[in-house]
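Taking it in order: structure first as structure tokens, then the write-up.
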Amino acid sequence: MAEFLSLHDAVARYVQDGATVAMEGFTHLIPFAAGHEVIRQKKRDLTLIRMTPDIIYDQLIGAGCAKKVIFSWGGNPGVGSLHRLRDAVEKGWPHKIEILEHSHAAMACAFEAGAAGLPLAVFRGYIGSELPSVNDQIKFIECPFTGERLAAVPSVRPDVSIVHAQRADRQGNVLVEGIVGVQKEAVLAAKHSIVTVEEIVDDLKAHPNACVIPSWAISAVAVAEKGALPSYTHGYYGRSNRFYKEWDVIARDRDTFTQWLDDNVYRAEENA
Amino acid sequence: MAEFLSLHDAVARYVQDGATVAMEGFTHLIPFAAGHEVIRQKKRDLTLIRMTPDIIYDQLIGAGCAKKVIFSWGGNPGVGSLHRLRDAVEKGWPHKIEILEHSHAAMACAFEAGAAGLPLAVFRGYIGSELPSVNDQIKFIECPFTGERLAAVPSVRPDVSIVHAQRADRQGNVLVEGIVGVQKEAVLAAKHSIVTVEEIVDDLKAHPNACVIPSWAISAVAVAEKGALPSYTHGYYGRSNRFYKEWDVIARDRDTFTQWLDDNVYRAEENA
Amino acid sequence: MSLEYTASEMMSVTAARALENGTTCFVGIGLPSEAANLARLTHAPDVVLIYESGTLQTKPDILPLSIGDGELCESALTTVAVPEMFRYWLQGGKVNVGFLGTAQIDRFANLNTTLIGDYKAPKVRLPGGGGAPEIATNAGEVFITLKHSKRAFVKDVDFVTTLGFGRDGKGRDNVPNIGKGPTRVITDLCVMKPDPETKELMVVSLHPGVTREEVMDATGWEVRFADQLESTPEPSEKELEILRELKARTERAHTGE
Amino acid sequence: MSLEYTASEMMSVTAARALENGTTCFVGIGLPSEAANLARLTHAPDVVLIYESGTLQTKPDILPLSIGDGELCESALTTVAVPEMFRYWLQGGKVNVGFLGTAQIDRFANLNTTLIGDYKAPKVRLPGGGGAPEIATNAGEVFITLKHSKRAFVKDVDFVTTLGFGRDGKGRDNVPNIGKGPTRVITDLCVMKPDPETKELMVVSLHPGVTREEVMDATGWEVRFADQLESTPEPSEKELEILRELKARTERAHTGE
């Protein structure tokens, strides 16, 4: 059964220095509040996994939390580069980070395989791509029935996955709705999981085949109202496309970024 | 785009003698009306695939439509044996049929792999089971990352899949709700597909993550009101558990069965 | 105590008691389903029941006749596709206990639901494996419940559909990512557990009024009894009442259309 | 005709026209998304648009800024999980056309969205592969649209993120279960198609007012022109009007909160 914890306590308990962490959300439902809590608690040497590391991972990287990033598309969606990611990769600020990159299909299958308890994902991929030459975790197997050569990647099995969702009921069962991404897979694949939600309700009011993650498959549920902003929560609030555009300016410069972090993340703790 | 056809025309066009056919429905939404149409049209030498061949396959086998059955659990759920299946396997009536049997996990993964366009499914299965000794389609592969031995089976890719669903909209998009089984996978894995529905509506009224099969992934949609009886359609009518129990008596004896078939399937054509 | 109850009721109550509150249980149809729901309605209100039809955390008011009755979906937390059920929930390691029935079981708790006789020319063709082969290996542990008889309890099953501990008792040794396997077998006569060393099933508890001879007569091998043989506690009045109501509700529902 | 339009508009309209009505198109964000939605709002009302965020058959009223804007889900037939999107819908062979943008493209239509320079010490780190590597191989065929420049159109890409026809033009030969690959590239200057034999991209159509020299100057290899070089038809008034309205609606929506 999921335990109801404050976001502070959930992050303190489950995100250890050196851990492999997946904060998921495919544009939608990105767990910004939880990411900021990880920054505030100055977690270090994290291996950050995420299909689309957007500005939350840019912030974590710039804040010095990351040792390694495993990803398949690292940009500010519709805007451009992740300047903090680039600065770390290209110039080693605040320190050098390792990257391991995949395609979306590979990572989506790797999350699926992780949720399915398998050590590997098999798919038809990476044909003609040079990514296998820079990622030694991409291998190929031969189908024993047809002889076809298929790609294989290790499944994703994070120490802890963190996702945001619409709501939980009082037992800690969680409803995810809209663009569900790989969030359920991330939770099921992980040793521990934290789900932040907009609210706790008496009844999820879910339809028969809704994406509901049962309480007993989650470690901790924490309320984080507007916890996905500047990303969005379907049915609650929209995406701040404006902030995503502004981020391009904020993140371009180390000082502006550091100032922003001070004002909006570190100092937010004092008000919490 | 799916074509709207009568059930007669859909079966006549897409179910060829000798075809590999998957009629799916995991207890719920079993396409009985379509199965009866296949019997009436005297299709022969079919390879019938289905996780849980229950009494619709018993009827098809007894009527002489089947050459081979690929399955993972062949019984009358909660009641007992499929007497027509047993009579064919044990005594060759009306003719000998071949069987190829799997476990549910294997077939569920094989349908998934078929929908995913893969030649094989990889899963952790058949450990210690003697099924691999009687099914040469079960192989084992070694994970290139961990060395773990995992089971592999060929994906399911039927010539035609037939499923029943709640409703279609006027474009032929189909909503499946409740116990969805492997129906979507069966449709996506097949070269052709027939979906029977209770009704055609203006608006599916589906929630954002509903199990909707788009029109362009279906060959034909046919209206078959109460098309799942004696199975059931969530939201429309319940399961006739009584008929499932009665079937045990009907199917036990060749003559009773033949009479039932005449009265309830062959003659039903005349009334159609 | 002088409660009246049948051997079947004794079996169901004992099987139900095996399930601890809060356990996540992958439920087979028939006797396991009866026991699991009785557990839920008595001492284990928070037991989580999963059926292979895709129904997660279901709370049926009546026992399902089939593994996919509408009742299971309507009372479930949510219902997932069958591939997801086997991949994420069973193989993904979310199931503590797999609760199975069987047609045949042998001394190493291997299960046969495939056929009696020879595979090429079966005397009796049974329904087949269904979910059992992977439930038995992917669940944390396995409970088995069935009626005791010499036809069912054989020295060696005709066919190992589903692994207990293999034909030599070593079938799980050194296999990675495998569950503990059958940890108890509950019948209408007794409770059996595998010997920690040899994995051969032995009787650990006799139901009230049952003799060793009765068990030996109903078992197809020279069955051993634990040194500390226990007497299975009787059903309580409340358990019997709830079980009987459940079965009566079920009977009423299933004889209607 | 003396309509006023920009080179960008010419590119979008030409890219849109490439999509036939009824096509199922896996849409990349940015220029492909603009073109695909313009197609849907003009000559191809039944084009089916799929975005990798899981949104199936979506009909956004404004162009999404990201691949997962709420608008895409709200106007979709249904939204599936991302693993399903890549497994069932893309790899499962349901996509006729993959519509991609890119940072770099070479003469064999290989795409680079990984980096400029050396992998270990990149000059510019780009976002990475995303969905493109498997869209390009699993879709029936691939359309590519991007602005023409010498930086983008290079003889050999620094890194093959996504297969066009390989570094020698033979990258798809004898590969089972692979799509046709890039069949056209639409830029702000021209339309290119692979030579049927060598697979090298050649110019098949020049946009109105564009000279061969302009294309040559903006292309990083000695680009060839088809013998039957065509002139791309101009945008219609209606296409321009619909495109401009779409972009204005989008701009208004994205500058709000």
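For clarity, chains are labelled A, B, C and D in written order, and residue numbers in each chain start from 1.
Here is the rule we use: a residue touches a chain if its C-beta (ideal position, glycine included) is under 8 Å from a C-beta of that chain, and two chains touch if they have at least 3 such contacts.
As the structure is a computational prediction, the values presented were derived from the model and not from experiment.
S.K.: Looking at A-C and A-D, which one has the bigger number of contacting C-beta pairs?
M.R.: Ranking A-C and A-D by C-beta contacts puts A-D first.
S.K.: Could you give the separation in Å between the centres of chain A and chain B, each centre being the mean of its C-alpha atoms?
M.R.: The answer is 39 Å.
S.K.: So, what's the distance in Å between the C-alpha centres of chain D and chain C?
M.R.: 57
S.K.: How many angstrom between the C-alpha centroids of chain D and chain A?
M.R.: Going by mean C-alpha positions, chain A sits 28 Å from chain D.
S.K.: Of all the residues in chain C, which ones touch at least 2 other chains?
M.R.: Within chain C, residues 73, 79-80, 87, 91, 138, 177 contact more than one other chain.
S.K.: Among the residues of chain A, pick out those that touch two or more other chains and give their numbers.
M.R.: Chain A, residues with two or more chain partners: 112, 116-118, 123-124, 148, 178, 180, 184-185, 208-211, 234.
S.K.: Which pairs of chains touch each other?
M.R.: The complete list of chain pairs in contact reads A-B, A-C, A-D, B-C, B-D.
S.K.: State the interface residues of chain D toward chain B in the complex, per the touch definition above.
M.R.: That would be residues 22, 24, 46, 48, 56-57, 73-74, 76-80, 87-88, 91-94, 138, 177 of chain D.
S.K.: Touching residues of chain D toward chain A in the complex: what are they?
M.R.: 29-30, 52-55, 64-70, 72-73, 79-83, 85-87, 90-91, 110, 114, 119, 122-134, 137-138, 159-163, 166, 171-172, 175-178, 253-257
S.K.: Applying the document's contact rule, which stretches of chain B touch chain A when the two form their complex?
M.R.: It comes out as residues 116-120, 122-124, 137, 139, 141, 143-146, 148, 150, 152, 154, 177-178, 180, 207-211, 234.
S.K.: Enumerate the contact residues on chain B facing chain C in the complex.
M.R.: 26-28, 51-52, 71-75, 77-79, 81-82, 85-86, 89-90, 101-105, 108-109, 111-112, 123-131, 134, 148, 178-182, 184-185, 211, 232, 234, 238-242, 244-245
S.K.: Considering the complex alone, what residue numbers of chain A touch chain C?
M.R.: 1, 112, 115-118, 173, 184-185, 188-189, 206, 208-212, 214, 216-217
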